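When the chains are written out, they are named A, B and C in that same order, and each has its own residue count from 1.
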Amino acid sequence: MLELRLVRGDVLKKVLEAIKDLVNDANFDCSSTGFSLQAMDSSHVALVSLLLRSDGFEHYRCDRNISMGMNLANMAKMLKCAGNDDIVTLKADDGSDSVTFMFESPTQDKIADFEMKLMDIDSEHLGIPEQEYQAFVRMPSTEFARICKDLSTIGDIVEISVTKEGVKFSTRGDIGTANIICRQNTTVDKPEDATTIEMEEPVRLNFALRYMNSFAKATPLSNQVTISLSEDLPIVIEYKVAEMGYIRFYLAPKLEEEEADAIVNKPQADSKPKADKKPKLEHQPEVQVKPEILVKPEVEGLVDSKLQVETRDEVVEVMDEE
Amino acid sequence: MLELRLVRGDVLKKVLEAIKDLVNDANFDCSSTGFSLQAMDSSHVALVSLLLRSDGFEHYRCDRNISMGMNLANMAKMLKCAGNDDIVTLKADDGSDSVTFMFESPTQDKIADFEMKLMDIDSEHLGIPEQEYQAFVRMPSTEFARICKDLSTIGDIVEISVTKEGVKFSTRGDIGTANIICRQNTTVDKPEDATTIEMEEPVRLNFALRYMNSFAKATPLSNQVTISLSEDLPIVIEYKVAEMGYIRFYLAPKLEEEEADAIVNKPQADSKPKADKKPKLEHQPEVQVKPEILVKPEVEGLVDSKLQVETRDEVVEVMDEE
Amino acid sequence: MLELRLVRGDVLKKVLEAIKDLVNDANFDCSSTGFSLQAMDSSHVALVSLLLRSDGFEHYRCDRNISMGMNLANMAKMLKCAGNDDIVTLKADDGSDSVTFMFESPTQDKIADFEMKLMDIDSEHLGIPEQEYQAFVRMPSTEFARICKDLSTIGDIVEISVTKEGVKFSTRGDIGTANIICRQNTTVDKPEDATTIEMEEPVRLNFALRYMNSFAKATPLSNQVTISLSEDLPIVIEYKVAEMGYIRFYLAPKLEEEEADAIVNKPQADSKPKADKKPKLEHQPEVQVKPEILVKPEVEGLVDSKLQVETRDEVVEVMDEE
């Protein structure tokens, strides 16, 4: 028996809106600690990790760990039928092949229940180890979303470079080049307007703007976004979810040195060869990644430095243990 | 000579927005009692009835009864050119083949007149007798519109069932099932938020959601909608128009027993055979329904229990007298 | 060295939105007096003239006169990336083939620079002499935009007729006819709501609504629009730009007498033959109009009385001196 009651049902609506375009089908994992999801995007380049802790729910009953396969587009359709002030309850009987979403209006005058068939999804729990990052940027989420959208009108790839002074987002395209610098600023009237930078050494990495724009769909969930960067690691874009958890998006940097050079137009004194770097996402030993679930080595003609695999091999390198 | 002056011109704008997608061409009938319209929708399944009483107009002059054939899309285009605060006057000279809409801004600084050719439309006055209904539901019109829209994302047919406790709207589709219950509630702060149920016996009927969504375009006209249901009769969805009349939409229930069973998933103790039931819309004896105006027996492959006719027959059964 | 700093950067954003759909590529001319543009629309029927005076900028440095060819769609894309409160600075080094737009947020926390390649555009400065007009109409810009949009739903050509009482906009189409009269009104609470008419003699002229709707995209720039009309001249639609200049749109009237008669439906006592009239836009002697840059003699099958040329001739008559 599973019964999760969330008075702020709009949170679950926003979570689905944030991930439904990135992931088609996924397993939601339910245990005593919380309600979580981990899934690769449909092109197997980005990774989403969601956690809603059990203590964030008004009522949380989960008798045994279960994994529920859902089509996220259909789940989003159903959650769109909930009012923004509705209380949402997710229910599933033991052994049932369906899940029920119950929506209660604040006055209890309108009660809706939507039942959806569960799916059998072949997937694996991808262990994501806690990592040390070289740089963290915390900034207003709407600012980050605006920058990604603006740069997309000029180019396809964003170079993010972090120094003590601030974070710079750059791109270049047929019509010209663009650089946007956000300076560190902690003396603001409202804490959600702050831009904070913590770093050990300067970082400069390239990412596909298409994915950044997808991640930015989580903007309504949180006033601030946290960006974690390291030369050796996929970027992590994190949105807190209503003091009960988070959505994290992982994306490997673009490798191509020439491409990076072309964007930067500066000598790369601090650049190091990147081709041999080991990806750092860790594959939990208890779950075997199926060889047919392959991480695509290319996005739009460019090779990704991380999340890359030796295809058709029993040992998948992407999520290899360190 | 016809001259109808309406200070709240936005009412006429909203009336046209409510019916223009349902009906292509129709005759507006003008007499000393008021300005009215009755028309089947273009697929001959639903019926619209509009009445704006003469005493609701600031000035109402109608020297003799006339019937003016108009293309509703064109009429709506012209009315869209009126400002929301404009006074609208409808004018037609005796024997003229055109009608003029005059729009005056509240300050009288802007005066517009739009002239539209009238059409010769072959139609007949369909007498709609006052009927006894088994159940009435009165509820916020935005709530009803929201429910129809939400259920359309799941299925094509809505089952409406009324009991003393409330009204339930249900549907089912490929992705799952949905049930929305609105409880009776008369103790609300604002009267327009009330949901009231009057009934003699429980009713449960199926309707095409596509039409329900069309009818819901009248929502801006009124805070409340009244739904009248009877096993033997087409549903009536009524919106009051600014204390001067109403728009009523009539739609026959879906017959298919299997379909109904499939949606309900419950034993139907109170279900009776419906195939032999006589439709209750009454054909006024003074007007002869032309055989070529046929009520389509099918909507999307499903047979309607009412509004069905013996095609190509001189006596059209649809609007038969009781 | 060129450096133009505009604290109200939204003004430049709105200027581009106003002209980007009308003109593809154009030269911006920069001198000590100001920043200006003159360009024919892409179908060579209408003419845009923009002036932003140097004293309207917070900082204005222009060491020598330069002409910068830009693609307006790309320039608009870049300016869209500026926030509405941003300070915009336009910079170009001497001899550089690119221009930089710098956007500073009011708090200086976000600084963006967008660099765009300049283009070599074959064009000529079209001298537009100051003219005497028979009638001026000054009216709310939103009212003018609304009228053009409304009439476009009915017909393709607007007849503008000015008398002492007011200005009348008329059209006719397949579905009917429309006349909108705006009366002179100077006793309004807010000056931007006034409609003022100055005239020597009544004027009545026809114009393509398609262009009027294009011009109306400048509406966000100014609360009021000024319309100058003369039988012998292209209409001038002028929007003031933030007390630092203007955008003016020029369009030749439609010639066809029959067409005009058809719209007006009245005897034309004051109509004179128009075919022999000389166009009044003046071609500056120092710049030679290239014969391949031809003003199209037809718009949508109708002959324009002005802006018409003897094609393939060394002497282009359109912009002939008087």
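What we mean here is this: a residue touches a chain if its C-beta (ideal position, glycine included) is under 8 Å from a C-beta of that chain, and two chains touch if they have at least 3 such contacts.
Everything numeric here is computed off the predicted structure, so don't read it as measured data.
Rotating subunit A by 120 degrees superposes its CA atoms on those of subunit C, with the angle stated to the nearest 5.
At the interface between subunit B and subunit C, under half of the residue numbers appear on both sides, which makes the contact a different-residue one.
Measuring from the averaged C-alpha position of subunit B to that of subunit C gives a distance of 48 Å.
Within subunit A, not a single residue touches two or more of the remaining chains. By the touch criterion stated above, subunit C contacts subunit B in their complex at residues 143, 150-151, 153-154, 175-183, 185, 195.
Across the interface of their complex, subunit B is touched by residues 71, 74, 77-78, 80-81, 98, 107-117 of subunit A.
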